[in-house]
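These are the structures, in structure tokens.
One chain, chain A, appears in both complexes that follow, with chain B as partner in the first and chain C in the second.
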Partner chain A sequence: MKRLRILVLLLLIVGMLPGGTAYAKLDLGGTIYIKWLDGNRHLQNGLQSNAENNNGDQGQGTEFEILFSGTVSEQVEFGARLKNRFNKNYWTNQGGFGGGYTFDAGSGSVTSSGEYNSLEAQYVKFRGAYIKLTPGYDWIDSATIGSNDWGQFDAFTIGKIRYIDRDNLSGLLFQGSALNKTLRWDIARISLPKLWAGPGWTTGNLTAEDAAYGGQIKYNPITNLNITGIVEYSRDQELDATDDNLKNGQSVETRVRDVVFGLKANYSPLDWIDLGLSFYRSDYNTFADLTTQWSPYLNKSAKDNAWKVNIDINKTFIENLSCSIEVFDIGAEYQSILAARREADVLLTEGHDGSWGARMPLLNNEIGYGGWDDTAQQVATFNVDNDFTDFDERMAETCIGWKGVTIVPKWQIVGLRLQGEFTYLDYNTNWQAFDEDNPNSTDYPLLEANAGVGINGGFRSPYAPFQDKTTMIAVLNWAYDVDLGTGINLFGKFKWIGEEDKRVDEEQYLSDGTTTPWYPSTLFRDLSDDDRDLKYYMGRIGAGYQLTMDLYGKAYYEYYKADLDDGTVAFTPPAGAGYWSGPYQSGKHIKNKYALQFDYFLSGMEFGLNAQWLEGKYEPDFKGDYTLVDNGSGVMGVQLADGTFVADETQDFAMYRLKAWMKVKF
Partner chain B sequence: MLVRKMTCAVIMLLLLPSMLMADEVLFSMQDPLGDDNGGGKIVYPSRDDFAPGDLDLLKFSARAGEGGTWFEARFKNKIRSPHGVMSRNSPQELDSFIHEDFYTINVEVYIDTDAKPSSGNRMLLPGRVAEIAGDYAWEKAVIAMPRPQEGEALLIDSLTRNAEAEYKARSGRLDKAAQQAIERHVKDLMTRQFYFPKNMKVSDRVLAFYVPDAFFGKPPQKSWRYVVVVTGADPEQALDVQIPFKQRPPLMMLPVRSGRPRECFGLEAGADPDQPPLIDVLLPTKELQYQILDDYNLAKGQSVQLIGVSTDGTVGTIPKRDNTVERVLAPLPEQPGIQTPSNAPLDTLLSPTPPAVETKAGVVERLQTLEKLRKEGLVTEEEYQQLRRKILSDL
Partner chain C sequence: MVTKIRGVLVVGLLSAILASSAWAATVTFKDPVGDDNGPGNYTYPTDAVYTPGSFDITQFDVTPKGGNVNFAVSVNSKLEDPWGMGVGFAVQMIFIFIDTDNKPGSGHTEGLPGLNIQFDPANAWDKVVILSPQKQARVLSEARIKAPNLIKDILVPNRTSGSGKTIEGSVKLADLGGGDPAQWSYQVIMQSNEGFPAKTDLLTRKVNEYEGQHRFGGGNDADCDPHVMDLLAGKGEGKPEEVQLQHEMLKYECDATGGSVKRATLLMVHK
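Showing the complex of A and B:
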């Protein structure tokens, strides 16, 4: 009887599928991506220049993915992705075959190569799958159940998931339209990733039902006006430890709750002008005792705003001259749990350069001396993550707390294409002590650096206990095509950044060393001792040429010079503060980059090569503040307060790195 | 008061350019707003880098440049830049291999330069599932796409493959000498009939591309007629491999599929999935575009027939379907001792599938199918006779 009931049920289900199996279509595709890294650091801890604790600049590896997509009927479609990642899957692992399984009890990790180490064996993993319904009702266009890249919203609220995590995040998405498609809406429920979407990079112990909810309405009442309203609500819950009666179930309590409202409008009153306004307000609440300062979110409840106004003038009194202006203010305590972490750029300014983005560019760790190519992308969170990237990708940096104005003119004159930028940046994080009444407050996360971004900085450290900073950025890009052969593409750039941070600017924090543990009065004689002053110059010149129909080549040279005077490195952070001050880097930094790039295309197969040679030097400058001493080995230098000895001699750097890749999409 | 005066002065200053600009505009044609849905049922891919209006062509114009012509296509929305955008297929940023400043749009311009109803080519690029009505058959095609070099290389591959298949079907074998002759023929066709602009500019909503007069042989004439088609670009071309469950990829273009797919354009409920993936076509009215793109019947072998627009923005009447246009392309040059395809017009080479070797059995099967179609009333007597003659001529 039971079997019969199941059979009837199955028949009913099959019968409900419109069109039956005759309609079903399956499309199979995929990509093979092969990479070869080479460099003179000889690190083989991973096939990415900047992987999570597994950096590498050596070896060959392959990524392979299979995408299934298809339609079961006109109303039902599906898709799924299987993929392996590079990880430590070197060709020399021979597929991970062989090698015993060993476990290091000390570190708690698997240490062997071999079949049992998922990072080293060639495991293809299920990344995600979805079923999409398009029922044909008037009130709903589609419902997607399963994986998604969540690019439907925006980088301030629910950002598109970065490439390395794509299809790993699942949920429900409903989309519809009304008013003759002038109004479109999206409603989503996204399962919160427990690995990073909460304070301390965790959503706690109870995670399975933690979720973010998003709603969005896009309205296009007239041709030249678009209005978008967004709301995001996320909630992280934990077991209620005070509930001692489990007979009526287990109570839960909220650990973190975040609500973000957004309103965007774009209006083009005339053919040549576009106006844009974006306003967001976050209401972030924590209900747990959060004190870990190594965290991508605040440890306290806070409300704050982020907004920007854009004006694009596409035609001016000079032919081929256009101009974009952006005024912006990103609150110091703006918090959106699912804001884009990278692969998004919320501000017009090109910001800082990736070449100095790593927090210790002078040391032979992380991405190394060369840093990332090109400029940084700004994201409205300090949950920035540049892991699993190569040097030829763009770095992301936080813009939490930034406020200012950017002007970008573009001009084309007789084939010469010019693009400039001027940006003035002030900071909402300019303050004296996090919390004057509670100097030991752990409300504000303290990540890698005490200087924000740039030299001796990091890319996700918006908060310093003391700050009084301004930044100015000026850029001129140019490009010109010489009509010779198939055309020589000349290009170049000049960039200047001036950054000043007075840090402590109130006497009380020097005179009373007990007010805050950060600034012992014994080390700072006056307010200027801890100042930071950066003058940064960057230049680029290069040429590209289509060598054959299939082969494009490019060569360029970049010059970097940074004069840095950084005062805070002369003290020792308190033990356990999680506050990283960085090595001594005051002085003159000069870096030269010589690069060659090739792109080759053959019947759908793509090949690329990027080879770079970098050399430079660092001349320390002690500004006459220190007495040179002998370190006992005949090297003269300075003994810092934290015990570090800095030699009074020029340091030379040399780096070679190469990335070659091949891609076939089928 | 002072503020008002200053505001007026600023506005006047900003308006000045349009007054001062005195380009020699050769023509300017308008396209309706909101017709970026093909035959009326196409919807954009459900992903963040496409939005309604992105491929909505509003104006197509041309102005004289030094030694050539600047064509300009204006769209409703700002044109998206690949700068900083991650590939959907590999851990790479798009601008690491796309050198132009756009990546979602193809603008394909097929130009009837002789205005002769029975001359020229009717096929579009591979995968467009449409052709051009005989009255507007084209002599010159300008294809603006984000990766012009790669697009051109893929088209050469496609034409060469089809020519080789055609040759092999006729001659039974394909040797090196024939391959070289085909290569020369394809190269000649490409030089004379296709131009993939490399000099392109993106400014806000306008994509401008430069075509030298050397390609046309003379500056654009007022008598020329234009078929302008906008398609969604797929700058990461999939290999054209024949594996089970694999659909053949169109040339650097996103296809159309039922539902709301992410990786290609979708369709509203009830729409036919075999309609052409042409998102916007330059035509004076939305209704005319819908009518033309909806007029096809695959069972009868009738595909969509596009019509050209004159430089004054007008179109003539939609011509009656005519499948007997004489192809006037020159045959392949005969090589001593080499049997080359004596009739390998571009239209044949642009066909999405290479012609199979025709056998007597194949002809019989096609005649039987045709007979069946007539009995079911799916083809008229006139069409029946016409198609019957065509099948028999293949023997």
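Showing the complex of A and C:
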């Protein structure tokens, strides 16, 4: 079967190889991108606010990229890219000069700084290359072999891929059309990235042939109707350890097999209304037998659906009033290996805010107390990727398990532009002990644990062992341009989130700690002890102005207030219990953000600056019965059930961060 | 004192709102649905962000409001912002050429870089308004480099936004030279916002022989073909025969080396 598949692919390629002509043409281009970070955390582990192992808020560095593209003949073109990345390429490194060679046998890596550390040595690496054939045959339009960002498909099946550059995944893409281009098809084979595309963030030991196959047909029979059918099949194989006869080759066995079907249709029956339907079904099979819950995919085989219905009413009986409605249901066990991890926003709702996206904002770690700017974007996987981003980018959050409705009205009246949102969220992940038939389950990855972004949450943690949660989101955005000078752009926003989670809501789980190891019963006295209640308020007001023909400036202020009841002092699940073991966070959280932003364009050069000052405080609020005690150093506070001491005093936060950058394309 | 200042601010804001809301009659042009194929055979790029109908003009409205003129272009697809441009749309870029004096031979007959068009001398344009999701300063900066001889007649709204199916932006009537917008002639060109344009193109997307992930197909790999997906034709009434008129306007001829033998020559529409 495998040989046949390879043969077919080779025949597709060879069958299209055209006869060459003297048509050579080479274009060279590139980019120089310079970034300057500054902040009061004084981290110099990388030139990104949030990188996999190298968060930073300090220093200057340069990325240099050179792009090659051209045509060899009328039927053959190519492109390639060489680039150095920021990593720890600080200007102060002098280009990676010097530094002795040191090797850490424990980690197996070079740990020196300077010349021998590839993260600091400004090395330029081959980042991607492709060959595109357009043979001119009737049955195929093009074939692209090599690097691709796979944006031709769909965020629920094969999403645009960004790890860590846009074209680091390679494969084969065949595209064709029929019926006067009203029908188009795509067939792809994508080599699976061994770094993350499998349970346990790996595709195992045998990786070189692991691949996903995609097929897509788009049909546009009439101007107001388009239909898309998609199928994705991915397979991760390993050596068959039971095959000890190597004389006839080595057998392989499947580690993971995933099939996803998708059907999308958009129909505009009348000028004022658009209807959309998207339905997906995943059939995920894993034989990896993982027990770790640190994994981007389920530890069990599962089938589930994801769907959404969109209604857009573009005109109503009120002039300039339109409304979008989305009803959606993303299955708790929907698994698509190559779903978009970041570069998509699959739901209409703006979801949670990036400002609280840091998983432990009170510790000011990871991206820091300020989090990311703006709202989150939702992706249909919990293999979410927010690495290698800066604070002025948007955060992605998983929407696995979400179901509900979003209504977004827009109204323009005498120049005032209003956009509202109301969202009601329920969860397919509302359950007790994951699955009552299997209370010791490790099938559901916990990652950072504590499902739900926000105070004390994680952006890629859809699962909690006990959950009974609902969320409501209400938003009002406004903008108005005052006709003074070149025009003053005023804007503002109010947002409210109400989120409640009863967590354990069955008595049996309090009394029987042996069958529910997630919650030792000694930590509970009452079902209400672990109830979570978040009341979240956010406001923004700002103004922008075209200061000169080339310079635009913007200033804004944001206010955040979160009243969090995250359980009584009796509720403090120990580490590993399936809930976040971060600091106690019940109480009032206040955050103020003052921001300045400038954009400057000058004859082929683009410059941006974003400076922010944040200050805030946390006032603990102890719920339930407690007694203030002295910790022995004169600090009064509460001893939690797990022994942690929480001081009864306000914590103050202050953060300054700046990002300036310039880009020149040549 | 604080109360007085607050009162002055409120009165000022209300005055600004009322001033900007004074408006005159809207001039409306229609365009047939399904003619987003340039000269008849152009095709969309293959990336999923280019949804069917995204480049299909359905209506063009010109509305004087106070001292401004608002330009609104509707398309046959819900607007989306997959690239996070922050203004409600991303893939479209629209050029509104205006003949404000309706005098044959007066104005510019050359198009803007990247469009590969020209105008009939009797329909020469005087001003062009660009509706782009890019920041105003970037569009003007690019225009100053790539169309320096035309820059004084290129206008970009302070803010361009998209909502539903309509992209709109306003410029000052005085910057258009004053006059009555209802008496002007127009041509609306639908192109695509290209953040990484070719060195000589004004933020426009290429049309090649074969469509690619981010380029249109059906044209020529050189720059002898019009890089236009849709425009107004005839009297701008949206009648079926306007499709053919569009195709005729956008007819072009290339030589074997990609040089232009006959460049697409456009006419204006007017009420």
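Convention: the second predicted complex is superposed on the first by the 620 of 666 C-alpha atoms of A that agree within 3 Å, B and C clash if a C-alpha of one lies under 4 Å from a C-alpha of the other, contacts with A are read in each partner's own complex, and residues count from 1 in each chain.
Keep this in mind: a residue touches a chain if its C-beta (ideal position, glycine included) is under 8 Å from a C-beta of that chain, and two chains touch if they have at least 3 such contacts.
Since we're looking at a predicted model, the values are computed, not measured.
In the three-chain model built by superposing on chain A, chain B clashes with chain C.
When the two structures are aligned on the shared chain, A:445 is found in touch with neither chain B nor chain C. For chain A, the partner that touches more of its residues is B, with chain B and chain C as the two candidates. Looking at the shared chain after the overlay, A:79 reaches chain B, while chain C stays out of its contact range.
Of the two partner chains, chain C is the only one that A:482 touches; chain B does not reach it. Of the two partner chains placed by the overlay, neither chain B nor chain C lies in contact with A:368. In the superposition on chain A, A:465 makes contact with neither chain B nor chain C. Residue contacts after overlaying the shared chain place A:56 against neither chain B nor chain C.
With both structures placed on the common chain, the touch criterion links A:416 to chain C but leaves chain B unconnected. When the two complexes are overlaid on their common chain A, residue A:394 makes contact with chain B and with chain C alike.
In the superposition on chain A, A:601 makes contact with both chain B and chain C.
Residues 29, 71, 74, 132, 134, 141-142, 149, 151-152, 175, 181, 223, 274, 312, 314-315, 322, 345, 394, 410, 412, 481, 486-487, 489, 546, 549-550, 552, 599, 601-604, 606, 665 of chain A touch chain B in one complex and chain C in the other.
Looking at the complex, you find that chain C touches chain A at residues 13, 16-21, 33-34, 43, 46-49, 51-53, 56, 58, 66-68, 76, 78, 82, 84, 135-138, 140-141, 144-145, 158-159, 161, 163-165, 196, 199, 209-213, 217, 221. Those residues of chain A that touch chain C in the complex are listed here as 29, 71, 74, 132, 134, 141-142, 148-149, 151-154, 175, 177, 181, 184, 186, 220, 223-224, 226, 266, 268, 271, 274, 312, 314-315, 322, 344-345, 394, 410, 412, 414-417, 480-484, 486-487, 489, 546, 549-552, 599-604, 606, 665.
The touching residues of chain A, when paired with chain B in their complex, are 26-29, 31, 33, 63, 69, 71, 74-77, 79, 132, 134-136, 141-142, 144, 149, 151-152, 160, 162-164, 175, 181, 223, 272-274, 312-320, 322, 343, 345, 377, 388-390, 392-394, 410, 412, 481, 486-487, 489, 544, 546, 549-550, 552, 599, 601-606, 608, 661, 663-666. Chain B makes touch with chain A in their complex at residues 13-14, 16-18, 20-21, 33, 43, 46-49, 52, 76, 78, 84-87, 89-93, 96-97, 99, 147, 149-150, 152-154, 157, 198-199, 201, 203-205, 236-241, 243-247, 257-263, 266, 269-270.
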